[in-house]
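What follows is a set of structures for review.
The two complexes that follow have chain A in common; it is paired with chain B in the first and with chain C in the second.
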Partner chain A sequence: MKLWRASVSEAVLLGVLVLTFLVMSQLSPHFLTPQNLLELPRFFAEVGLIALAMTLVILTGGIDLSVGSIVGLSAVVLGALHQGGIPLPLAALAALLVGLGAGLVNGFLVTRVGIPPLITTLATMAVFRGIALGISQGRAFRDYPDYFFFLGQGYVGPFPVQLFLFGALALAFAILLSQTAFGRKVYAIGHNEVAMRFMGHDVDRVKLAVYALSGTLSGLAALVLVSRFSTAKADLGQGFELDAITAVVLGGTSISGGVGGIWGTVLGLLVVGAVRNGMTLAFINADVQQMIIGGVLVASVALYGLMDKLAPMARRGREVGREAS
Partner chain B sequence: MYVDRARQLSILGFLLLLSLALSLYAPNFFQLQNLEDILVNTSYLSVAAIGMMLVILTGQIDLSVGSILAICSTVAALASKAGMPIWAVFALALGLGASLGLFNGLLVTGLRVHSLIVTLGTMSLYRGALIYFTQGDWIYDLPSDFRAVGLGRFLGVPIPIWIALLTAVLMSWLLTRTPWGRGLYAVGSNPMAARLTGLQPSRILLAAFTVNGLLVGLSSMLYATRFSAIQSNTGIGFELLVVAATVVGGANIFGGSGTVLGVVLGALLMSTIGTTLTFFRVSSFWEPTLRGFFILLAVAFDTLRGYRRGVWRRGGAR
Partner chain C sequence: MKRMWLAGLVFGVVVGLGYWLAVLDWSVAQAQQRTLTIAMIPKVVGIDYFNATRMGAEQAVRELGGIRFIHQGPTEARVDRQIELIENFITARVDVIAVAPNDPVAIAPALQKAQRAGIKVVTYDADANARDVFVNQATFEGIGKALVDEMVKQVGPNAEVAIVTSSLTAPNQNAWIAAMKAYMAQRYPNLKVVDLKPSEEDQQLAFQVTQDLLKAHPTLKGVWALSSVAFPGAAEAVKQAGKCGQVAVVGLSTPKQMRPYVKEGCVKSVVLWNPVDLGYLTIYTAKQLAEKGLKPGDKIVTKRGTWTVEKDKISLQVLLGPPFIFTAENIDKFDF
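And then the complex of A and B:
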């Protein structure tokens, strides 16, 4: 089932990617130019970092809706501390730690208290955003030292810095998933959590780590975002959860866990990034972009659902889970 | 049937404590006008929360209610401005809400994907479609018969409160006294058993989503008619308020239990807290934090009591 699904979904994805590029180049003459394509990583890196960790979360059968709010919270912490006279490197470290802490809170609520991930992170989405708003009281924090802008606006050769940051982390996550015991456990928990528990694996610890990673990468995304926009506000990162989840699901990771991987997510991300970038170049309203992304999410879930139905093996394997839902 | 009297009593107890604190710190909270405002806010929230409870009873969720509220408010206002009689505007808002809810339901039952993902998508889909058509413009100069719904009175009591009361009584009767209502509870508490007794879970889910949409449409008529303009960002974050009211009111997020009375009390609590912040001089920026916190608190109680814990743990996100 896994192989069948992976090969078909990758072929379909490449087709979708080509189609997206064709449509976008029709929408705007500035889309398919070398300058724009080189700049593309700048626009999807923040969501991309989050999507990497989101892949792991979804592989375990969970979900993290709070990522966008963690971005807002980390950004505000960075801005407020820096404005309060703390040196920028320390403020940045604090922002990352806040991301980690937020992820641990999610992980704790999911694993120790036992609240389902979707409700946990729906609630913490509000909690974290509210704290960000409460701390900043709606203000924006500006005036960072010049070297900080390298992260979000700098170049290495002709390439934006984000390309290397995202590339390195994508590689690291791919290795983590495919080459380490931790990665195998992530897949196994998504396949059959109960069996993993009976086999004596510490399922809760793996899940806690996965949510912590998700929070930390959201914190990192906040740093990149603030550096790119030169300003930190509480509403940064709003809607990131939609783009990240869409990239992951479009990339072939099953929403019920156990199947998928990083490279699919990267392809899915390219599609989401190209749609966002192309439509922005064509002056299409952000809410309408949101509508298209939402449509892509629903359509890709539908497509993969259909594919699983066509694969008889998959069907038998999932019957049990579906009866319960 | 299990009724969570403890939850209902603890909400009342909490409201009592809150009133006590308010009478010490901010006695002008107890002006008639302010209390009436809270009840009117409760009215549209509780109508939507009763709808959400139907969905939650079956073990699903609908995140798109804020967008449905915005679409119904906007279309109703535009239709009313175009000269449509008020009863037809009501029918339009309810019908539109029901169709959007039905669409959610069809996606959920057709794709067999958990409603969280489906409605996360349709939340953006509906909102984007609305902005596409209105271009983000606000709607002003609403006709007087439209605004009379939100501002008018019957026997001295604001009309929204009457409508909410009627809805609550009707839904309570439907849920406790009809096979349709009992079916929702049955599917939510044990889908397998429900299927084996001859119920059709997918048809019941479809009904829950449709009636939820219908009630959000009704809620939009109580909400939109109170203001002098319909904003393009109407209802953003509404899903959170509604889910909070529902789960705080004792509807179990795992499905299968919940009462109309509890949910109405939950709505009363959430709208009271919203108003209270102002009186305690706390910035309204903290309000989302408080909502999220109440959801966590309510669900943690349910979870620690151990209802159907296994199903959700195994199912993960679904």
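And then the complex of A and C:
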């Protein structure tokens, strides 16, 4: 199995991406400069990390709306523990574990209690944010040691640290999805969960793992975010769930599961990131940016659907042609 | 597969054309001559208060000429979005960034980065730990005193009162609360603050917490609402509880938002400065800073008056003036 077999949606998206870059470079002379392009990963790394795990969640036919709240919760746990005198590495570990724990709670509610993922994570979205607000009491936690800022503000040569973190994890997730039994099960559950159960696969364990991954990556995103802004607040990560889902769906992953992949998500992130960055550089307001992104999303997904319908017809057409000749 | 790729490209072209149309206006504007570029970043866009500062800024831009004015802000009052805007504006090489920070500390590294890139930094409405000059709308002591005095006028010096603030980390609100408490301790020791509730720049939440306050403290005589969205929320709660006249609501907001409550008599006084003038002065200050530099004692001469630059703890400051109090008599004169 190849690591990347280009799908229809990825081909479309690559076209969109190339054109986005062309248009943005026309819009602002500062877009297509090495400095700016190197800064880009810093803007979408946090949402990007979450979108990687979100891809898996959506592939199983689920959804995780609580990721943004987990970011807030993990950030506040990190800040509060550090302020309380716990050494930063331990506090960071605790923040990751909180993310993992939150993900396990989601997974447990979805698999053992049997609440649909949309409802489960809608509820935990409110609960996790509430806990974060409760712990922080609205305070902002600051004063981290300088080495911590490396994660969010540092560079290796000319490259921001986030580029390596996100790149490595994207590759890891791509391998996980395409080269392992776990990855194949993720797809299969999205295709036909009932069949998987009848075949004796432990569907619940796979799903639990997927939500746990989603929580953990949200915790990791929180670390990057706090490091970038040097401040931990309970409202961090608000709206990340929608940004991440946008990237995943734009990337061609079907919202009903079974179809899609990591590279589509990466392309989706790049398109959204380039549109935001390019249009901000051109001083175009955020509301217009949102409209453009929404438009691209609707148009792309509509086109994926259309082409899925057309593809078999085209094949049939060719076969008919061959028989006739 | 080839066909799919082709279709992908065709689609891309269509999307590209869409982009072009969306930005045609902008490209035309871009073709004009090189001028001073000032990027103004409010705490949040789409609320009356920052529409008013923007209006004042645009008036100043028209008077001065030769300024390319950009006004962009987050759709929620979040500092991370502001930082992202600042980082993009650094790349886009604006000349001046004028920002109303949502968090004075978190935004500082981004502002320092801008300064290192040769961009002048002005703060207005709220301050940051790094900037070239702060256009200060009113001293915290002045506002705190006005809020307390207006409350005492209505409830007397012996009463139980509560505070509905924006967020518990909001620097302006916290400084006002400190100033109010200092002034009360000195002048009105029997004015008791029984509760302090956050409303997070959310009118609905302000409404809720005020309702809760009224229930939890039946002897409450007055509520201070310390933001332009907390004030109407609090006033609405008092009105719906049928306690207009029994529970005084004093606070900071724009006259337009509070006009119905003032007309009904539920609210007697609205404390504020003139945000139109604040935006106006910010642009004059920004232009003078970028073109001539500023030092203590410099005069900023405008068509609306002359202001003096003063030294402060961080760098420089320009003070807009004493707070303004809107009442039933004068509130109709203001349209913001």
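FYI, the second predicted complex is superposed on the first by the 265 of 325 C-alpha atoms of A that agree within 3 Å, B and C clash if a C-alpha of one lies under 4 Å from a C-alpha of the other, contacts with A are read in each partner's own complex, and residues count from 1 in each chain.
Note that in this section a contact is a pair of C-beta atoms (placed from the backbone, for glycine too) under 8 Å apart; a residue touches a chain by one contact, two chains touch by 3 or more.
Because the structure is a prediction, the values reported are computed rather than measured.
Residue contacts after overlaying the shared chain place A:94 against neither chain B nor chain C. Once the two complexes are overlaid on the shared chain, A:30 sits against chain C while remaining clear of chain B.
Of the two partner chains placed by superposition, A:73 touches none, neither chain B nor chain C. Legend: residue contacts after superposition of the two complexes on their common chain; A:288 is shown touching both chain B and chain C.
Shared-chain residue A:212: touches no atom of chain B or chain C.
When the two structures are aligned on the shared chain, A:138 is found in touch with chain B and with chain C.
In the overlay built on the shared chain, the residue A:50 is in contact with neither chain B nor chain C.
Once chain A of one complex is fitted onto chain A of the other, the partner contacts of A:12 are limited to chain C, with no touch recorded for chain B. Residues 137-138, 239, 285, 287-288, 292, 295 of chain A touch chain B in one complex and chain C in the other. Chain contact summary for the complex, chain A toward chain B: residues 58, 60-63, 65, 109, 113-120, 122-131, 133-134, 137-138, 190, 193-194, 234, 239, 241-242, 245, 249, 255-257, 285, 287-295, 297-298, 301-302, 305, 321-325. Within the complex formed with chain A, the residues of chain B that make contact are 59, 61, 63, 107, 110-114, 116-118, 120-125, 127-129, 131-132, 135-136, 191-192, 195, 237, 240, 243, 247, 253-254, 283, 285-293, 295-296, 299-300, 303-304, 309, 311-318. Residues of chain C touching chain A in their complex: 1, 3-5, 7-16, 18-20, 22-23, 26-27, 39, 45, 70, 72-76, 78-81, 83-85, 87-89, 91-93, 103, 105-106, 109, 167-169, 198.
On the chain A side of its complex with chain C, the touching residues are 6, 8, 11-16, 18-20, 22-23, 27-28, 30, 33, 35-36, 39, 42-43, 137-140, 142, 153, 225, 229-231, 233, 235-236, 238-239, 277, 279-288, 292, 295-296, 299-300, 303, 307, 311, 314.
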